Amino acid sequence: MIQDRFVPPSSAFTRSVPVRFSHCDPAGIVYFPHYFDMFNGLIEDWYTQELGYDYAELIMGSRYGFPFVHIECDFKVPSRIGDVINLTLLAARIGRSSLSIAIVCHRDGIERLRARMATAMMSLETRRAVPLPEALREGIESYRQRTTDAPSASAE
Amino acid sequence: MIQDRFVPPSSAFTRSVPVRFSHCDPAGIVYFPHYFDMFNGLIEDWYTQELGYDYAELIMGSRYGFPFVHIECDFKVPSRIGDVINLTLLAARIGRSSLSIAIVCHRDGIERLRARMATAMMSLETRRAVPLPEALREGIESYRQRTTDAPSASAE
Amino acid sequence: MIQDRFVPPSSAFTRSVPVRFSHCDPAGIVYFPHYFDMFNGLIEDWYTQELGYDYAELIMGSRYGFPFVHIECDFKVPSRIGDVINLTLLAARIGRSSLSIAIVCHRDGIERLRARMATAMMSLETRRAVPLPEALREGIESYRQRTTDAPSASAE
Amino acid sequence: MIQDRFVPPSSAFTRSVPVRFSHCDPAGIVYFPHYFDMFNGLIEDWYTQELGYDYAELIMGSRYGFPFVHIECDFKVPSRIGDVINLTLLAARIGRSSLSIAIVCHRDGIERLRARMATAMMSLETRRAVPLPEALREGIESYRQRTTDAPSASAE
């Protein structure tokens, strides 16, 4: 079986997640919806730790929501209890009120799964899309540029 | 906003799911990984109730697994606590050891989300793909044919 | 091993839940937090289907919350994928703004687990306890009386 | 409202958990079954990081299971998205094949919830209780002793 190698760009936002008993199913591998939950956690941490926006404040204070509009995911190598997997977030496309990212799950230089996720920014009050605030857009654009030089960083 | 109408083929496998408190997030709508959990439950019920295969027995007795290889999902209309949503399963393509399905979530004739999911059939013992048993393949093919006549049944 | 027999009072609120692949852990049995999620679903259905209160409306419309104050649970017999388990709700004690219930999980007349759960009724606006509305209290008291005649209905 | 102060014994095993969007319900607070999932993760980390037993290896290699027999939990102060909560594990009683622990969730010196959990050690092959291996028992007893001197360490 051919395996996809993946080395994250050095400045990319990467977090490690231990695969827990509770993530795994009777077949002994991660039950796939848990990956999407891990992705959401990674995005929260990216906003807070990389972009400098308090995610909880964006939701509960500013009353913004970031619903997903489209998700695609390729599952390549399963993960088992005790594995420590790495999740890397790459920014792909920044629209007026939308953001497309890729999340790559990898270990030992091998890609285990890759997701492409498009989100919209909306107001929880009006339930309508709102433009990304300028400072947030600039922060994401800056992140995108400094993480897309390396060939392995391709988000598509 | 343009809404996508959806009427399931009359013989398609459809189950209703009440949106519960536990499905919803602080924004008051279904937290998206829960949809994938609902989809997995629908597939279990489809095997057992429509195709006549005891899903638990396939996993624990025959030691087969059905990991997802690829998932795509378009989220169109959010769902809220108290909504009763309908999930319809459509068979798209039957390979040697793979199966592509679509799951449409709908209510009141409007599509709320649509997923395309490709699974492989594997042995939990050898961890290798195995061909779909002939009787199972025929059952799925028969289901596919009797649910694809109506124009609205298109799984792509 | 001695097993605890349980036959629910005939008028008690009982719902069946299929144990799914997603409920089970690598040991092949239900991962215990999922039971608490099932219990919450049972309580929702009890409010809506037995007491005649729309649970979603109580939360999102009237802005009430029902946080748990205390939970106890004895786990007696594990459940496996494919089992259909029954959950029966019994009302134990009705306070000014609190309610104590028991939930018994059983199958084939054998108790699998039993939980005692105390909840408070609160306002989501003021974040303070509120008295149970009189009609709701009467509905619960009536339920308690008609489900506590049989000796097996004891909620403690 | 009276609040329970809690300062963990200095050598107690404590881990921080960020309260995420996905933990919270439409009332904006942690949906209670997620606490039990956090507790299970804490126990895994305690085995691996404090006691020196690879939890994944105990389950998948040695085929041991640690099902819960009894759980009690008092919920005192709710937690909200963005809170970082601390979980401290205290060992209470070590039986032949059973172990009773307490887990205290706290922040800023205030107890938010406290659980008492009794587990049994069993073989996943025979599905029967097995005695705790001597070295494991000694490790737990040593942990218990070095974390119960301080008055605030009381696990009951």
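Per-chain numbering from 1; labels A, B, C and D assigned in written order.
Operating definition for what follows: a residue touches a chain if its C-beta (ideal position, glycine included) is under 8 Å from a C-beta of that chain, and two chains touch if they have at least 3 such contacts.
The structure displayed is predicted, hence computed values, not measured ones.
*Asks:* Along the shortest chain of touching chains, how many steps lie between chain B and chain C?
*Replies:* So the least number of steps between the two chains is 1.
*Asks:* Where the centre means the average of the CA atoms, what chain is farthest from chain C?
*Replies:* Farthest by centroid: A.
*Asks:* Pick the pair with more C-beta contacts: A-B or A-C?
*Replies:* Result of the comparison of A-B and A-C: A-B.
*Asks:* Return the distance between the CA-based centres of chain A and chain D, expressed in whole Å.
*Replies:* 30
*Asks:* What whole-number Å value describes the gap between the mean CA coordinates of chain A and chain C?
*Replies:* 37
*Asks:* Which whole number of Å gives the spacing of the CA centres of chain A and chain B?
*Replies:* Centre separation, chain A to chain B: 25 Å.
*Asks:* Among the residues of chain B, which are close enough to touch at least two other chains?
*Replies:* 21-22, 26, 28, 31, 33, 37, 40, 59-60, 81
*Asks:* Using the touch rule from the top, collect the residues of chain A that touch chain B in their complex.
*Replies:* It is residues 26-29, 31-34, 36-37, 40, 59-60, 65, 67-75, 78, 124 of chain A that touch chain B.
*Asks:* Report the residues of chain B in contact with chain D in the complex, numbered from low to high.
*Replies:* 21-22, 24-26, 28, 31, 33, 81
*Asks:* Applying the document's contact rule, which stretches of chain D touch chain A when the two form their complex?
*Replies:* Per the stated touch rule, the residues are 18, 20-22, 28, 37, 40-41, 44, 54-57, 59-60, 80-82.
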